[in-house]
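Reviewing the structure listed below.
Letters A, B, C and D mark the chains in the order given here, with residues in each chain numbered from 1 onward.
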């Protein structure tokens, strides 16, 4: 860490800083400039107490120099991680095409949509059984019966399935039915839930929180990795902003930003990012061109009867024509869409 | 709800919209304008399916006209709710002065700080035993032994205590030791946790999420109220913004904004909002002048040795002189600080 | 406009609202619901006074139903506008590849960079002579001598040139040398400047402000169009956000968002959006795949000696290999890059 | 500046960095750590080229250590600046109470409002003659005839007047009529305009831009100071955020944040920040308690007939009762409201 001292820091303060740095097991390097003294503290920045440096009298600013994540870092692992979801690889040139309705509503409904998206080229089926809703009066999902339907429909169409888990107490139950956990944006920093899915080996689709930086996202992935589960796929799904014509603001640059720092795969969810079906095709194409490892799209064959998020769902014919475009772009990018 | 149709909406689309509105149990009111047709859908907007209106062909925009929260609304209850935390009332002219260290670190440390803040005029003691940390490698709190210390110190100094609960599985344990739950910003939309604390009668300090609107905050309160617990105190603690010289941006206008819409008390936490002790006194004074029902301040007698968030803690002498100012402002506002 | 009245609006208030609506030349449509009365005001929403509706006693919310822009709207003009910059068309399937250094620094420097980007496939040359800098002590641009250099270098390499104009008093001068004005993000709502460039016929590259919504951007374009200049090209260049690892947040969804509402071309500037050369190639590819009408990239052959914004410039070999990828993507999108 | 090198920076890169630092007139201080090398560059950080350090091969991050503003800095001037607007001092314990309508609409209207706010205790009259409007079709202000009215009404009621200037070409004209320029939020980084008002000695009310950090605001003040005009008063008026129930988000912490770094006075404008009259009184009180040097409030005696921004105006009786509260708070804060 680098400690920049105030211009008026006294000699006693400087000595106290040096003494404390040494006491905490760091090696101090002192540079006395014309206006300010700067002290480097060489050592393990993840130690407890290291953050307290900023509270020392006379210290104006503290700049960390090490990345705060380790297991997620590309410095640790140079090659891209490939996460297997059922038989579908994600990462390393292989694209996840995750599609399905927001919520599981019935066997027939999900079966019909699964057939349509499978035919179009989707390789993983999604559907929520536990739904995080802003209002306690909104539809909260079918629960375990929804999980059963999801599993059956996935098996019928030979598609692995992903579904959200919201509560550490549900992790074992969801693991019985799903091929991949989804951690939603609202739970990205639900650390007990991260530790719980980290205690399994099932792949985790970790969505970026609405106010999370790219670093925060990687730190949340680090929780899962540190708990012992290496199968993490990140998902950019938009963040809150002042723009009021879209539900969130899709931060497309998060894709190369993550890939530069981490070996983990990252996919893009334009459905939740934009909240508008008219913007989804362009954003899905952009994601593939930006080197994302897949896209996650909500598809419903009758949005006006959907139990939740109907207005943002893409209808199957539009999904089918989008997949035609995505295959061409995947080819230009040297990627494949496994089936 | 008001459905604004596209200028090019066909007659068939208009009729379909009217038919669906009727089918869903709403009464349609149609106004045909020069450029557009507008359809009012009169009925219960919280019904499932109501949100699907925006997915109808020909519909350009949907404007809800009812507030989405009920139990939290001032339309339901005109008078201010007063929440009792131990013997301390919050709301209705009575100010909560919550103070203490970020984390419980030891009996001696907490005892010393409790004495200092009690002497200065604080009426509720805070201290974390379960800590939500961005990094899995940071200090995660003392757990149950921290809860025990917190309870003992609170009793010794005759102060009720508040502490964070992060996991639905901890709720019963925390309830044994605490007089008030704290739901942290990262868990404001951890709906299973909200339901769990809602199933008790212990007061809940609900902090605003970093990307939550005022409406989102009130909807999360609604989860707790709807689960049966009326004792909710809201807390403004800053939201994420582009300003990089403070940890978060304190949205002071949330105080009158909430109080206009809801009967629930709301307090302000300038410590987490600003992350800088030099800004805390001015923001605490502003909160009282803005009609907040209290302030929540982190105090540590040796910030540079704090286990977490040391750099944002106020030292006891500054807390004491701040309390002198806050008492004067409370008087101008016609409020009291109970002891 | 739709006026939603408060649940407790009195009969007198309702009548006053109706009377005022009529007085202002609008036709009122009244719907009395169970909880609230809603009044439609049919007429020209751009009239002065129309915004005052929200100030009427008893009115809770006002929802406009007309788009506030007209000349920029696709409702007015269905076909894409094609803007000619010198001999280069932008829009309608033709991609602008704008490249060059942040600032004009010398004839030799610009000449060298122009040759490199021209060889790579760029079709418009950029370079600033008047520089908007956060600090009064930073390099402010070469002024008119920079404009001369820009024009000469452009002519030598047969490339039209674009350069920023910051002050209404500079418009005539800049028009002597440039083929296209650039209005920078900081001046997007400098309305006198917009009117001034609107009084010419020279094409205008209008950059989105750092806190501007898509609607704000289109309203600023409307200023130029309303002043008589139809040659406007919009530019998404990122907005301010809490993400601190990039200079701004590139809102890629603005591309399809604008194209759905407006006939004007829109290009993307990943250099200013990201402020990091490592992210530029992915974002430029994403822009083309998202249907943008071009990309704007800062290129410098010695970023460490650049007078401004060196750290975000792409070096020529990387620009060249990016252009190879962009040509392939343009082909998939059915677009051409004119020379 | 502190240059943090990449862990894999080569010896040649390190030497190149040191050579360039020396070449640019800085003194290098090298610290070789276990993982990284850190190089301090001691010298004048405002030099051209200094920003290019981040473009050096092998450099991962650059941390400036000097404040980028000088004349605005409290390091230069310890005591609060007091700006005289007519006979009204702003700063140093003296509060500006600026009030008036959004726009000058007529002599009679302004005269009536001026009388009311003067009686309530306002000491500076505001009113716009040149209005920056999002739409080219909205009322753009009365221009010079509005300036004349403003001056006459101000003289009649013995109140100095402040009004917005938007265009460098209007500066001389506005100076004939006004006692203080206002630079609006949209023009905070209109650098030519800043230089132009900086070339006069008339006080300037500089409003914070909607996406400007506190540092950006101080840098814009620095432009005016560097041009020779020391009479700058800053104004916090809210920034853009995701919160959609207020027009902007008032960053109250900007008040102590600015006062800690700068000797310039800062006032608060809750009218534009919130855009809702119901929130203005609480935010005005909070501003005074936060140590602001005044408040700026839009007052209109018939908001529903206002030409612009009617819905956010406070009506005179509410302004009068607010002023009663503000006087009490000023007393607690040890401040005076000059008349």
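Odds and ends about this structure:
Following the convention adopted for this analysis, a contact is a pair of C-beta atoms (placed from the backbone, for glycine too) under 8 Å apart; a residue touches a chain by one contact, two chains touch by 3 or more.
The structure presented is a predicted model; accordingly, all values stated were derived computationally and were not measured.
Counting C-beta pairs in contact, the pair that comes out ahead of the other among A-B and A-D is A-B.
Distance between subunit A and subunit C, defined via averaged C-alpha coordinates, is recorded as 31 Å. A straight line joining the Cα centres of subunit A and subunit B is 26 Å long. Spacing of subunit A relative to subunit D, judged by their CA centroids, is 38 angstrom.
Of all residues in subunit A, those touching 2 or more other chains are 211, 239-242, 244, listed in ascending order. Chain contacts in this assembly form a complete graph, since each chain touches every other chain. Taken in their complex, subunit D has these residues touching subunit A: 2, 4, 7, 29, 31, 33-36, 38, 40, 42, 61, 63, 65-66, 75, 240-242, 244.
Note for the complex: subunit D touches subunit C at residues 20, 46, 48-49, 51-57, 68-69, 132-139, 166-169, 186-187, 189-192, 209-211, 216, 219, 222-223, 226-227, 239-240, 303-311, 313.
Those residues of subunit D that touch subunit B in the shared complex are 211, 213-215, 239, 241-246, 249-253, 255-257, 260, 270, 273-274, 278-279, 281-283, 285-291, 325, 328-329, 332.
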